[in-house]
Structure formats: C-alpha cells, structure tokens
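Below: a set of structures, written as structure tokens.
The following pair of complexes shares a single chain, chain A, combined with chain B in the former and chain C in the latter.
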Partner chain A sequence: MAAETTTTEVRVRSRARHEPWLDRMVLPTLVVMAVVVGYPIVYTIALSVQNYNLLDFRPAAYVGAANYTKLAGDPIFWGSLTNTAVYTFGSVGVSALLGLALALLMENLGGARFRAIRALLLTPWAVPFVVVAFLFRYMYLQNGGVINAVLLSTGIIDAPIPWLNSSTLALPAVMVANIWAMAPFFFLLLSAALSAIPNEVIESARVDRAGTWGMIWHIKLPFLRNPLLISSLLMVISNFNDFAKIWAMTQGGPGYSTSTLVVYVYRLAFERFEFGYASAVGVIWLIMLMVLAWIYMRVLRMESR
Partner chain B sequence: MKPNVQSSRAGWLSPGNIARWVAIGFALLWSLAPIYWMLSTSFKTELEAARLDPTLWPEAPTIANYSGLMGTSLPFVSFFVNTVMSCLLTAIVCVVIATPAAYALSRARFRLAGTVGYAILSFRMLPMVVVLAPLYLLLLNAKLLDSGTGLVVGFTTFGLPFAVWMLKSFVDAVPIEVEEAARVDGYPRWQILLKVVVPLIMPGILTTGTFVFMEAWNNLIYPLTFITTIEKQTLPAALVLTFTGQFKTDWGGMMAAATITTLPLMIAFFAVQRSMVRGLTSGAVAGA
Partner chain C sequence: MIRFDRRGLRLATISIAALVAGMAGAASAQDKITLTFANWAAAEGTTRPGIEKVIADFEAANPEIDVVSEAISFSEIARQLVLRARSGNPPDVAQIAGNDTTLLAFTGALEPLDGYVKENLAANLKQGADAGLRDDGGLFAFPWNQSPAGFWYNKEIMQKAGLDPNKPPRTIDELTAALAAIKSSQPDVIPLAIDTTNRAFALSSNWPWMKSFGAVPVGEGATGAESAEMKAYLSWMRKIAQAGYIDPGRRIGEFRPLAAQGHVAFIWDQVLLKGVMQGASKMSDDDFYKTWGVTTLPAGAGKPTTFEGGHQLVMFASGKQKEAAWKFIEYLATSPDAIANYTMSVNSSLPSIKATGKADLDAALGTPVFKAFSDEIIPTLAPQPYGPDFAAAATAIMAGVQEAVTGSQPIDDIAASIQLGLPQ
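What follows is the complex of A and B.
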C-alpha cells in the first residue's frame, strides 16, 4: 500500500529514523474508533467470562470458561454456525456466478439503450434490505403469494408451498431473496473488471482464433480471478453480519432453522438478556472474522504486488 | 444461459445472439419482477392485495395506501425525517473525520501506519451484534439512548472505517506532483489537504458519503435496539415493528411504505452509480 508514490518513498526512507509513531491527522478517527468499537470489544471479552443476566438482578459473577464450555455443548449454537456458513457461502457463490454470467452477457454492448438495461439490472441493489425482506415475504405467502400462484397456475405444483414456514425450505427461500439483492454487486464489479482487460490481449487471442468459450476460460477468467476473489470476500464478510433480511423475513424461525449467528446472539442478548453467554458467542465469532480479515489482507497484498 | 460474446458480428438473427437476448430478457425479468410487484401492490386495495389469485395490474388503482401513510395512525413522516437526518448526519460526520485520516494513511509516513490501517480495516469487518450490548450500555451512560445522536454514534462504527479506506483509495489516485507547488510555497499540511486535495477528490467524497448514507439507511439492528420511542424510530425498524400491528394483513399499505423507504436510496444510488464503479474498483478491488 506504500508503493504508489515512489518519490515520497525515496524521500521518506532517508528520513526513516525521524519517522514519528503516529500522525496527528489520524487521531480523530482513532479516538472515535477507540470509543465506539475498541471499548465495546474489550467489554465483550470481559463479559464473556461472566455470568451476567439482566433479568437476574444479581451482580455479574466471574465464571471463567463456563460460558465457552456451555457453548461447545449447545446444539443451537452449532446449528446457527452451520446456517451461517450455508447462508453466506451459498448466497455469495450463486450471486457471484449470476453476476459473472450477466457481466459476460452484457459485455461489449454500448450505447444509451444498453446503459439503460445495465441500470435496470442494478436496481435490486438499491432496494433497502428490510424492503427486500418484506417484499419476498409477501411473494412467498402460502395463500395469495405470487410465487405459489404462478407455480400453481402453470401446474408445476399441486398445492401451495409454505416457503417460509417450513424448516427445510425457509433457509433456501431467504437465500434466494439475498441472492436477488446481491447479484448486481458482482455484475457491477465484474463488468468494470472486464472492461479493464487490455484490448491487445483480446485482439491477439482473436487472431489466434480463440472461440467464445476459450476466450472466456483462458483469457477473461484469469483477469477476473482477483476481482472475483476480493469482492467475494467482501460479500462473505457482509453476509456473516447480515441481520435485516433474516430478521424481517423469519426472525430466525421456524424454530431455529434460519437462525444465523447474528440472529442467535441478538436473541440471547435482547430477548433472554443473557449478556454473558451472548458475549461468548460474539468472541468466538470475532476470532473467526479476524481469520477472514487476515486472509483478506493477504489477498489484497498479493494483488498489489 | 449461454453467452456468445462474439456473435455481435454475426448479425442480429444468429442463434448465439438470440440466446444472448433471451438470457438478458430473463435477467431483466428476474431483477425487475419483484420491484414491479411492490409498486403494483402498493396501488391495490387491501382486499385485492390479499386475493388468492393475485392480479398482475391493480383492478381499481388507488392511492389510498399512500395517503393512509400520511394519516394519523402512524407517524410515518417522522420516520422518514428521522432516517434522512440520522443517515445524512452519519455520512457527513464520517466523511469529515475520515478525510484527514485517509490523507495521512495515503501520504504521511509514520511507524504505526500499517497497524492503524489494518486495525481500521478489521473494525470494518466487525460483526455489529458483538458490539451491540456494550454500545447499548455506553449510550445509556451518555444519555444518548433513544436519540438520533445515539443512532449516529452507532452508525459510525461501520461508516467510519469504510470511509477511511474508500477515501484513501481516492487520495492514492491523486498524483503527488499536484501538491508539490503548495508544499514548496510552505503551506501547512492542513491547508494543502483542504485547498488542493479535497477539491480534487470531491467526487470521491460524495461517493463515499453516499455509500455511508446507504449503509446507514439499510441498518436495522441499531435502531431496533437503541430507539424505544416509536416516534423516534427509523423507517426500516418502523416497518419491522409496525408489521406486528398495523401492517399485519394490510400488504398494500406495507408495499406503499416499502416503496417510500426504497425511493431515497434508489435516487442516491443512481446519482453516484458511475463514480461508484470507480470507487468500488479502486477502493475494494484494486486498492490497498
């Protein structure tokens, strides 16, 4: 990240000994972050080794690793972890593929008409998450939902399907809504990456009589690999944290069948007020995200080299 | 879907081209049908919106759902104003605080630069729900719970780290030579930043601000936990909360409310859509 400006680099190296530890200009950001993020993280870690339930009216007591051992034997925690993985990687994977297909389809189409189509294809991304949730919830209704109505009238199904009320179908149904909202992000980024491929590369491949598929497979995909990887990682992280869509569609139900880690922590902390136990889940999760962040930084560094 | 990219040379009616247009047609249908359904339902009567055989086009189009929102049962106008104000304020606060930090991270040399950059980025990846309980207690002690200011504080947790990284990529793109003249003249760094760099990265600042605005608009978990008075609620949280009462069966009213919630975001999105590509590619993909 330091390599963009070689002139400064040279000048700076000769001064390296006098380099200050910190720059005053980052102070406001650091102070704000320390208060609104740093302090809460420390507090969460401290809470995770205490038995602290707001409803108990007892002072918090130090319980050591008890919350963590309880966690290890908590089937809902493991279920939520599995749901989080399925929800995240499933939605991101399918959205990335859809976005890629669209970007390839729309490639080389110029002019006002195509700009309009492109913009229309992007609109789902501009729909607020909560609205996505309620819109799909309405379309998924067992009685009077448009999805069941269409499937019934075309004869694909005989009886209306209770999409969001079935413990097996609810998670995939929520994922479809998520994919609908997320695919435009990949479409936008991959379109930009496609147009950044140097023309000479495409031309020389054409001279070598590369077919459409050969062109995509051998020329375009290698160029798209890094943008695809980085945007996927970004979306994986944001999906790990997704609360609005799941909460507004199913509240984690039926049962705990669509409960992800966010929903589980939220239920523990703000429905059962078990702050200590909820914090333990939060800490585990923090560790997983630090690993992801580390991978992300590694990929970024690879990219900038 | 079988994209046939080269077929544009082969004339309009080649099989590849037809397949391509069919695929694009499906993509348009997939993207727009739900939005059409939201709009169409928002103009239906309560009875028609609940029909077992849904109508594609409202049989008796009515704006009752929209005028109903202005009615007495829900402070819908306050929800709207609350959301706009808190999101706008968040965007401004984040951009103002983040700009000098982004400038320093891009240009200045200091020993902790790498560490600070990594810390800010990892804060960005932090699950909001983890900081939820401590933040709640923090706002409680600061007497900011149940207030718009408290919401802005909450939104800052994800808006600020994002703004720093996004703005850094825009500063990175400004050639250093532009600043040289001012530097030779002995201007202090603050002035160089304000008078030379900020005007140059203004599109980037606007894009970043819009992104922060959109993310705050999308946020549900903070208003849901930090705001207890219904009049002070934001639109997304209000939709969730009122669904248990007001909108339980009134899908027409719900879709009208949803449309109103979507419009500002869509306008913001299309206003910066072009620089968004640049921001995203330089900030997220090429960046760092």
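What follows is the complex of A and C.
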C-alpha cells in the first residue's frame, strides 16, 4: 500500500517537472490582470512615496517614507483603523450568529406560509446598500425618526436618543443597519449547508437519542464550520471596503467616531486632493486586505483537502 | 444609358436636395461655436427649467453659439473640474461656489477675466461682489449672483413663545433666552436650525457663528482653535445642543422643508430659503412676509458677519472659444432675461449688478427679504480663509464641533484636538 502511494507521488512529481512554468494560453489573462490590477497597485505604491497634490500642477516630489512616517503619528488614521476593525468584525460576527440562529430555526419549517417568511427574511439582502443607509438614517432621526417615536410612545425612553449624533452610539447604530442587511446572506448560505447534511447522519444521531442542543453542537455545527468560515471571510473583506452605508449615514462623524479607512482615504483624496498621502493609507489598507485574502485562500485549500 | 421613370426621377431629385441641404447644414454646423457649460443648476429639479430656458434664450440671441450643458451635482462639481483640468479636458465655462472657486483658481487652470470686463460693467458691479475672487493674476471668477446667509425668524413661533415677533434676537444672550422660551412653549419646534455636518460648506456656514464669538481658528489673523473665544463658541454649541435647541447632524437643506411646515423657529440660511419654502408650502408673498423675517446674525463678543453663498462663473484658460465663453458668462450674470428667469426666480438669489436696466426687476429687489439682504446683511459680508487648506481645516473644525455638540469630552480637549488637526 505504502509502495503504491510512493509510486503515484513520484509520477505526479515527474509530470509536474515536465509542465512548463508558464503556459502560453495564460498570457492574455496575465496581460489583462497586469493592466487592470497590477498597474493601479504599482501606481498607488509609487504615489505613496510622493508629495502629490492634485491642485498643484507642478511635478510631484519624491518624499521617500515621509508619508508613512506621517501615517504612524496620525491619530485619525489609527482611529479609523480601530473603527474599521470594530465595524467589520462586529458586523460580521453578529450577522453570522443571527444568520445561523435563523437558519436553525427555519430548518424544519415547511409549507407555503414558512416559504413566504423565508423569502421575507431574505429581502434585506436584496435592498441596495445606499437605500439601506438612507432608510436607517431617517429611522434614526432624533426628531421625527420612527425608532425614537416608538420608544417614546411606549414609554421606554423619556427623551429622543441621538442615535447617529452621539459619538458613542453612532458606530453601533451604523453596525445595526449593516447587520440587518447582511444577516440574510448568512441565513441563505447556512440554510443551504444545513440541507446538505446527509440524512443518515441525522438519523443515526436520533437513534443515539441526541437532544436538540447535542444535535446542533455535535452534528450540525461541525458540518457548518467550513461554509461559515468561508462566508465570514468573504464578508470581512467586503465590509472592510464598505463605504456607501457609512458615508450616507454619518459621513464618518460625529467627529471621527464612524470614520473608517475607506472614508478617511476618500476625504484625503477627493476633498483635500492629497493623493500621495491617501495612497500611503491605501497601501496599508491593501496589505491588510491581502492578508485577509491569503487567509481566505488557505481556508479554501484546507477545505478542498 | 440609364433611364429614369417618373418615380425614379422624383426619388433622385429628393435625394439630391437632401444631400445639398445636409451639406449646407454641415457647413453651418461647422461655423457654429460649441461651448460646454458644467453646472449643477441643470442637475437640480428646481433650477433645471430656469437654466434650460436661459440657455435656449442665449442660443436664440446668439445663433452662432451652441451651449452644451453638462449637469453635475453640487457636491461633485469641484472634484470633476479639478480632475478634468488636470487631464486637459475642462469645459469652457463652469458654475462654481465657495471654497471650490478658490481651489480651482489655485490650480492655475482658470482664465483671468479682467481683460473681458468692460468699464461700464465694472462700474455696475455691486460693491464687494468680486471680493475674494481676485488673486495675483487678477479676477479669476465672475460673480454670477449673490446669496449670503441671513438669520431667518418665524414671527408666529416667536409670538406663541411670548416674544416680540418684530424684535429678533440681536445678541447671543438674547438668542439663548429666546431658544429657551421657544423650547418650553413649543417642544415640537426645532428652535434653531444650523448645519453641523462635517463638510467644507458647514465650516463656511459656521464661520460667522465663530466670528460672532470673536473666534478665528485659521486664516488671516488666526488665534487658533485653543483660544478662549473658540472655546466659548464650542461651549455655547454644547449648551444649546444639550438643551435640545438644535438638531445636530442635519444638512441645512434638510431643515428647509421643516421650516416651510412651521417646525423651525430660527434658521441660519441663504437668501434662496424664501424660494425653497414658498415652493414647498405654496405660501403667497404676503403670507410669507407676515410669517418670516430675516436679519443679521446675533452677535456675541465679536461683530455679526455673514458668508457669501452665491455662485460664480469661471472660464478655463485652455478653452478655444474665449470670446464666446465670455459672452455667455456676461449674459448669465447681467442680462435682464437671465436675472428674471433664473437668478431672482428659480435660484432665489440677488444679481451681482446694481441696476438690471429693467424697472420691474429693480422694483422686485425692493421687496422686504431682498431689501433686508441688500441693506443690512450684505454689508456684513466677511471673507473666509478659502484655499487649498480649507477642506482640511473644515474636517478638523467640524469634527470638533460635532464632538462638542454630541459628545462629553471636555471642551479643552476638543479644542486641542482641533488644533492638532489644523493644517500647519
């Protein structure tokens, strides 16, 4: 048996040795990638070491690592980085848990009535992000917002809460909107994964008299682990770049309390026209995204094994 | 030999006639000058019909010129113009306002206009209309219209609060007392509407309030963000926010419909507010003047000032049709038809010239709101520290204002963090 395995490995290695390291058929793809992805990345890195202001028509000056040194001592950058982490991981974590809970609750509910509920639960995912942002922005209004109106009329609060106008409440309030929009994605994905669990496994667990919690913990969750991990990573990358919701709801305020990296880069590049410094922030941001993408690829590879 | 029957002959004649007409049309199109005009007037529902009519009238009066209107939103236009100037593809003429005008001038892409402004036009310009529109190279933008901000007061709400509707607050202390009276008598009313968003326009709008306290955080004669005056301004903003006298986070435009419905007592807004409110409420002029009055900003330790929210017209130096571009600029800013159909009607602003040459238009400038702006408010116009650093200053200062209004951080710390964020 061991000898057979060794022979197969040797064959695979020898085939790999004869394969050209670059297939000509891949060249067109590589050219397109170089133009579409490679050039902007290289240009951004080049800009990040220059003092390049779009308002100044003189040639940009090379400043070495000055933009990066400035970045290290920039409290708004660090604040934005912290907000990005809280917004991203907080939103994804809660959405995943919510999606999981909904998927488990809806798992065995069939019939037309529950199909309609299932469709209703998926609706937020279909709403465009900007619409979600404006919807919640108006719901959160201190004067005239429906959330304050309901809380006031039910006597839960005495005075309207400044949801988006408080530096402590604004970020959680934006995250709630984000979670509302994102949880259906996890619900959809995890529902599909639950239905893919083999019936034999479930039935044998029932024969062994597994309780509800035991079934979820020992049988279902292990099956859901990989889909949950991959979808979470995808959503982390997507939320890291989320601009529309935050910009439409708070523009990064009040103060800098909801400013994320993408909002900060936008302000630097398109309000202050400081392309050099904005590019330096962009490079750091790119590195972090690449790390996340690398983790994602590793997980995918692990799953395929 | 080719033979034509009667039908064929008719077809051939029509074809030749069409060809000749087409060639003549093409020749005439080649003679025509095409001007590109980047503006947000055509991008907004309320002003679009007015600007389209003005452009059509101009084209009718100048058949050799075609104007291609490029609608770009107000918040996008500066970005687009800078990028287009940078890539060598700017329009011939553009509408622009506030700090964006100075930003564009800073790029050096604008055509100096002094050489185009004839003596009689220069003499007809209102005093100070071109203030802030000059640099070392001369006049870089032409004032299309004037739209300064005024302190609007709702007389009915004041009366219900036991205040004299004909005596708007003149000082910050009087204002604070009036806000308290309004809040306690009419809890559903927003006592004071001011823009506390974080954007360059919000700093322009809040700048006179800071000056009212004697604070000058940046620019000429700056005393920094940690001055006693700036702290007094921030403390007052926190006080009125905590008392519920302002509704933080709203853009000024979001207060206008509420003001039109009678839910706002005082609003710091431009002259165009009258048109917007009347458009929303369908209120007649008489009813409007009975309900609303406008005056100068209440003063604290400093003097009352205001900011110019009017629009300017710029011509790009790389344009090929400069004479035609100037003709269009002059038409927009000074022609009685353009003033009647756009400036004073849909745009609800004041012309930048003293006399329009039409008695009915000049008479319309004597109505209460326009008169209050011309006689009382425009004389308090004060320059703002516009320039390439203004946007960075706006981000730092307005973030601090938002923190003061919505947070609990000590005012001293907020002032220090604003100072840290100001361009050095």
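Just so we're on the same page, the second predicted complex is superposed on the first by the 270 of 305 C-alpha atoms of A that agree within 3 Å, B and C clash if a C-alpha of one lies under 4 Å from a C-alpha of the other, contacts with A are read in each partner's own complex, and residues count from 1 in each chain.
Going forward, contacts are C-beta pairs under 8 Å (C-beta built on N, C-alpha and C of every residue); 3 or more make two chains touch, one makes a residue touch a chain.
These figures come from a predicted structure and were not determined experimentally.
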Touching A:Phe270, do we find chain B (first), chain C (second), both, or neither?
both
Touching partner for A:Asn143 - first (chain B), second (chain C), both, neither:
both
Chain A: partner with more touched residues, chain B or chain C
B
State whether A:Met33 touches chain B only (first), chain C only (second), both chains, or neither.
first
Chain B and chain C footprints on chain A meet at residues 143, 270
Touching chain A in the complex, chain C uses residues 79, 82-83, 86, 103, 106-109, 190, 197-200, 244, 247-249, 388, 391-392, 395, 398-400, 402-403, 405-407, 409, 417, 420-421
Would you tell me which residues of chain A are touching chain B in their complex?
1-2, 4-5, 7-8, 12, 15-16, 19-26, 28-30, 32-33, 35-37, 39-41, 43-44, 47, 101-102, 104-109, 117, 119-131, 134-136, 138-139, 143-146, 149, 180, 184, 188-189, 191-193, 196, 206, 212, 215-216, 226-227, 230-231, 234, 237, 240-241, 243-244, 247-248, 261-262, 265-266, 269-270, 275, 278-279, 282-283, 285-286, 289-290, 292-293, 296-297, 300-301, 303-304
Within their complex, state which residues of chain B touch chain A.
1, 3-8, 16, 20, 23-24, 27-28, 30-32, 34-35, 37-38, 41, 50-54, 97-98, 100-101, 103-114, 116-123, 125-135, 137-138, 153-154, 156-157, 160-161, 164, 172, 176, 189, 193, 214, 217-221, 225, 235-236, 239-240, 243, 251, 254-255, 258, 261-262, 265-266, 268-270, 273, 276-277, 280-281, 284-288
Given the complex with chain C, which residues does chain A contribute to the contact?
53-57, 75-76, 142-143, 159, 162, 164-168, 170, 250-257, 267, 270-273
